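Chain nomenclature is as follows: A, B, C and D, assigned in order of appearance, with residue numbering initiated at 1 for each chain independently.
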Amino acid sequence: MADLSVKVGDISLQNPVMPASGCFAIEYQEALDLSRLGALVIKSVSPKSRAGNPTPRVAETHGGMLNSIGIPSKGLDYYRREVLPAYTAFGTPVVVSISADTVDEFADACAEMSLPEVAVIEANISCPNLEADGMAFAMSPDTTYKVVSAIRGRTKHPFWVKLTPNASNIAAVAKAAEEAGADAIVMGNTILGMAIDVRTRKPKLGNVMGGLSGPAIKPIALRLVHQCYRAVRVPIIGCGGISSAEDAIEFMLAGASAVQVGTASFLDPGIMSKIIDGLQAYCVEMGVSHLRELTGQVKLDRQLTDRWLRFAQQSG
Amino acid sequence: MADLSVKVGDISLQNPVMPASGCFAIEYQEALDLSRLGALVIKSVSPKSRAGNPTPRVAETHGGMLNSIGIPSKGLDYYRREVLPAYTAFGTPVVVSISADTVDEFADACAEMSLPEVAVIEANISCPNLEADGMAFAMSPDTTYKVVSAIRGRTKHPFWVKLTPNASNIAAVAKAAEEAGADAIVMGNTILGMAIDVRTRKPKLGNVMGGLSGPAIKPIALRLVHQCYRAVRVPIIGCGGISSAEDAIEFMLAGASAVQVGTASFLDPGIMSKIIDGLQAYCVEMGVSHLRELTGQVKLDRQLTDRWLRFAQQSG
Amino acid sequence: MESSVCAAPFAATVATHRCEVAEHRWVNSRYRYLRLESTADLAGTTRSGQFYQLRCPTTNALQPFLLRPMSVYGVGPASGSIEFLYNVTGVGTASLATLEVGSSMEIVGPLGNTFEFDPSFKRVMVVARGVGLATMAPLLRDAGQAGVAVTALMSARSPGDLMRDEFLRGVEADVHSVFDSDGSSAVENVEKLLRELIERQQPDVVYTCGSHRLLMLLQRVLADFPQVRGEVAMEQRMACGMGVCLSCVRMFDTPTGKHFKRVCREGPVFPIREVVGEVEFG
Amino acid sequence: MESSVCAAPFAATVATHRCEVAEHRWVNSRYRYLRLESTADLAGTTRSGQFYQLRCPTTNALQPFLLRPMSVYGVGPASGSIEFLYNVTGVGTASLATLEVGSSMEIVGPLGNTFEFDPSFKRVMVVARGVGLATMAPLLRDAGQAGVAVTALMSARSPGDLMRDEFLRGVEADVHSVFDSDGSSAVENVEKLLRELIERQQPDVVYTCGSHRLLMLLQRVLADFPQVRGEVAMEQRMACGMGVCLSCVRMFDTPTGKHFKRVCREGPVFPIREVVGEVEFG
């Protein structure tokens, strides 16, 4: 038996597999032993009440799906009273994901949710559905720094910040998050996309645009994780298209300390259990005794480009 | 028979279907009647000689592929003498794609290639493989404006600029390109990605990172086309994951005047012919007499969000 | 002694079941019948009105990504036997239609709530159109077994589309059929028929599925028969099918006010009276 | 009269061919034999050394994206008949292995150049290991038909892996086998054998495929036999298979200097002497 436990900053997890926010809820206890997971990440909540976006809210694409759920919310009181308690009974660390419209709202909400029964605050500063054309805090280092430091000033809880693949310079954004005091980076959210029904000519989502997730985006998410890994020292939690143990390993090799599984659960609500089993099998097969030692262990051959160039130079 | 002809600025094309640069070469004349295509877009050439990137240069992903070919080039003289002539014999407009390292090099190269036998210059200001971590001119409105206006100053040829999906604020980049005088926007190139072999732990590409293309990225490319369409008045050529007539229609509805087909040709070298046939079939089925009238005709219900909000407000 | 809470091994009530295709054929030109066999006790755990999510096969031409929700058309007699009846409309159902007998496929479930049926009912009325009959067929069986009388109002494009035998499956019922082809399915006509039947037969409950128009009509008619309950099985685009993703919401007008509910979880069966005849969005 | 240039209808020489799986079975525990039938004249248009790109089937578990290059193992006797012999290694070949007789699949080709074979040769020598024999089998047939003598040096892990009959297919040859299992495939041993055979038999040409080690060895050995030509069929990751994408390049040391060449287009067959024993990249 390999040791699957990992550390994300000061938090120890029995294994690196946790759900991605919005792709998990207590109902999965019917399909999954929630006490087996590394952590339980709940759907984002916003302090403001919202209904969410118009239906249809999902559409499938090649190897993935678009969603424009939005963040339906009944506010923090309701959440604390009616939502949170169900998740705290499994002995598994609970991660509360917060979404908000302004820096102050974010900071207030994170402070308010820094409860003893909550292990981690995850700030979803990247949801592409709520701002015009997908703009979000995490689109620029600036706004990332502002919102993260404001939150940091208000909570002593472990605090992760979830970035968006839509940002063009992820290393700078990740560095801003690190400097502003985030304990870890979740990389990342969905990528803004769109689909049109060519018979009706209508957008397939009521909201016109939505977030792309699933295996289709895996190579992009993996690249972002690796770029973050090269840019910062805080741990990274990989997310985007993970649907097998091999995918999880790939993210760890690229630099992730843990992973989040989103869309894959919709195709098999028991997938996270299978991924954990698969990690164990991989470690046994490959002779890995401590899974956490794989983080960042992609074999990069730093001389390769030089060697190639010298080699190629011979050609006429 | 529907009229499939389209206009891209001042250029008329017999139909909107053309290859994407780097996914087409004269060898396809063995599989495809090149005189049927809307235009012939040749692999990018750079003024500097280059060998291209180390092998392996391609890796498949879910619903797509990564490539890190780079732009192997023997310079413009060689290109003009040995490459170009083969393409100019089909009566189909020839598009020369240029890649370069600096603004001046770009402007010089575009000027030099503004030859009578060349119908259009396409400036590939977005290739993610050549600059560190995928940075390219098209990543920011600034550098886009600079390079496009420099090129515009040096050529009277129709001149298209190819943008990158890696840019975070595409509307601003597109506007910069328009203001700087581009005649059309090609949206877009590949998205930077990465893949790791979990057995060998090595990156699947010699170059570590590469560009993701194919159906997996279609929803992202489509969204970008629509964002460009809302931002600028110059025509847009859609590109990214198109592999069927329906896909081409989807891009036109989102705002494209023409489309480029890349990766799909690798899976079926005759696909562009089939797409053209499929466009005709779609027009007949849907009663469309002039294909070009579909550009931008996605049915957006501007009141939908308001209606939804009013509707949703009733809920407690 | 170990604490019994900790020691209780986890047992999933919703699971992915690998099944073998035991029977698969066209019922008419648009609908197909599919029977699967699994080693799990699907018959014992699945109730009338529930649905499964089907992992449709992936082929070179058809690559559905999400699972497809399908009502259970029947279960048993073998405990691992489950039946579906489906309309071939898009990518997923087209790929489903390619499944050969003997091949395997996965289904996730059982999902959703159930029709409320009470064996002490005297008479139930079912109002079905199209594939809605697949959803309600198990109810007819429940009624037949409990000796509850059944009135069936069936609506179809034409007599060839009716699937009367597929619906009744041997259960005796007072069947009334209306068709688009002869105009008998026109709203005024159906309304008259419904009112007559309800007035005369006084069913305990009216169930419906498969037509928004019939649903809206029933809501109006039932307003005049407060003693008759009404239930409808609804549809909505789904991703997770388990109440997790919030994609499948619709608004309902409940005794505590208007609320969004998840069709996959609080539904698919809802009181007819609570349906909000929402304008379509998107 | 129309201009004949304009009127000439376009005829593809490379095309996607829809084929039916006519035969498909294991040859041993790792290799499978596949015979396809199409309506096109594949036998008439395909030459020794060429390859096709196969669209491997898409299943729920295996979803290869790119086509897979495969050498033609044989064509005919029917004009639409084509054969492949493949090693089940990864996603694509695993999905290929699931294809049932009677199902259909698409292949794109013929692609690439051919071995240079001259019926006036006296003797050819083939040095094969693993799946390399699939690529060279058509050559043996050419030689057999032309009455050219054949020497075959076959290398394999063990006698069970040799596939001697699959390679020769009835063509008479002077066969020499070496194995890893008994150490006879060691480089020194094979080098000795090669030198002896070439010295004694003076083949016009040596062909090889399937082993980089054997290729490098042959390059060294042939340096001492300038009158003997040498050809090798190479492999490289491919996307387009037609010379378009530039993914499949390798460097070759030609009379005009070192150049990158496309394995799919200038190859897959190259002069053994021109191969650059490049370090592996990536």
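To be clear about the criterion, a contact is a pair of C-beta atoms (placed from the backbone, for glycine too) under 8 Å apart; a residue touches a chain by one contact, two chains touch by 3 or more.
In this text, all values refer to a predicted model and were calculated from it rather than measured experimentally.
Peer 1: Would you mind checking which chain's C-alpha centre is most distant from the centre of subunit B?
Peer 2: C
Peer 1: With chain centres defined as C-alpha means, what is the inter-centre distance between subunit A and subunit D in Å?
Peer 2: Taking the mean C-alpha position of each chain, the two centres sit 46 Å apart.
Peer 1: For subunit B and subunit D, what's the span in angstrom between their mean Cα positions?
Peer 2: The answer is 36 Å.
Peer 1: Can you work out the whole-Å distance between the CA centroids of subunit A and subunit B?
Peer 2: The separation of the two C-alpha centroids amounts to 30 Å.
Peer 1: Whole-Å distance, subunit B centre to subunit C centre, using C-alpha means?
Peer 2: Spacing between the chain centres: roughly 46 Å.
Peer 1: Touching at least two other chains at once: which residues of subunit B meet that condition?
Peer 2: 51-52, 54, 61-64, 202-203, 206-207, 301, 304, 308, 312, 315
Peer 1: Send over the residues of subunit C in touch with two or more other chains.
Peer 2: Where subunit C meets two or more other chains at a single residue, that happens at 55, 63, 260, 281-282.
Peer 1: Chains as vertices, touching pairs as edges: which of line, ring, star, complete or other describes this one?
Peer 2: Complete.
Peer 1: Under the stated contact criterion, what part of subunit B meets subunit C in this complex?
Peer 2: Those in contact with subunit C are residues 301, 304, 307-308, 311-312, 314-316.
Peer 1: If we count contacts the way the header does, which residues on subunit A are in touch with subunit C in the complex?
Peer 2: Listed in rising order, the residues of subunit A that touch subunit C are 22-25, 27-28, 30-33, 35-36, 43, 51-52, 54-65, 67, 69, 72, 202-207, 214, 263, 265-270.
Peer 1: Give every residue of subunit D touching subunit B within the complex, in rising order.
Peer 2: 10, 12-16, 55, 63-67, 106, 108, 236-250, 260, 265, 281-282
Peer 1: Under the stated contact criterion, what part of subunit C meets subunit D in this complex?
Peer 2: 55, 57-60, 63, 106
Peer 1: What does subunit D use to touch subunit A in their complex?
Peer 2: My answer: residues 63, 251, 256-260, 278-279, 281-282.
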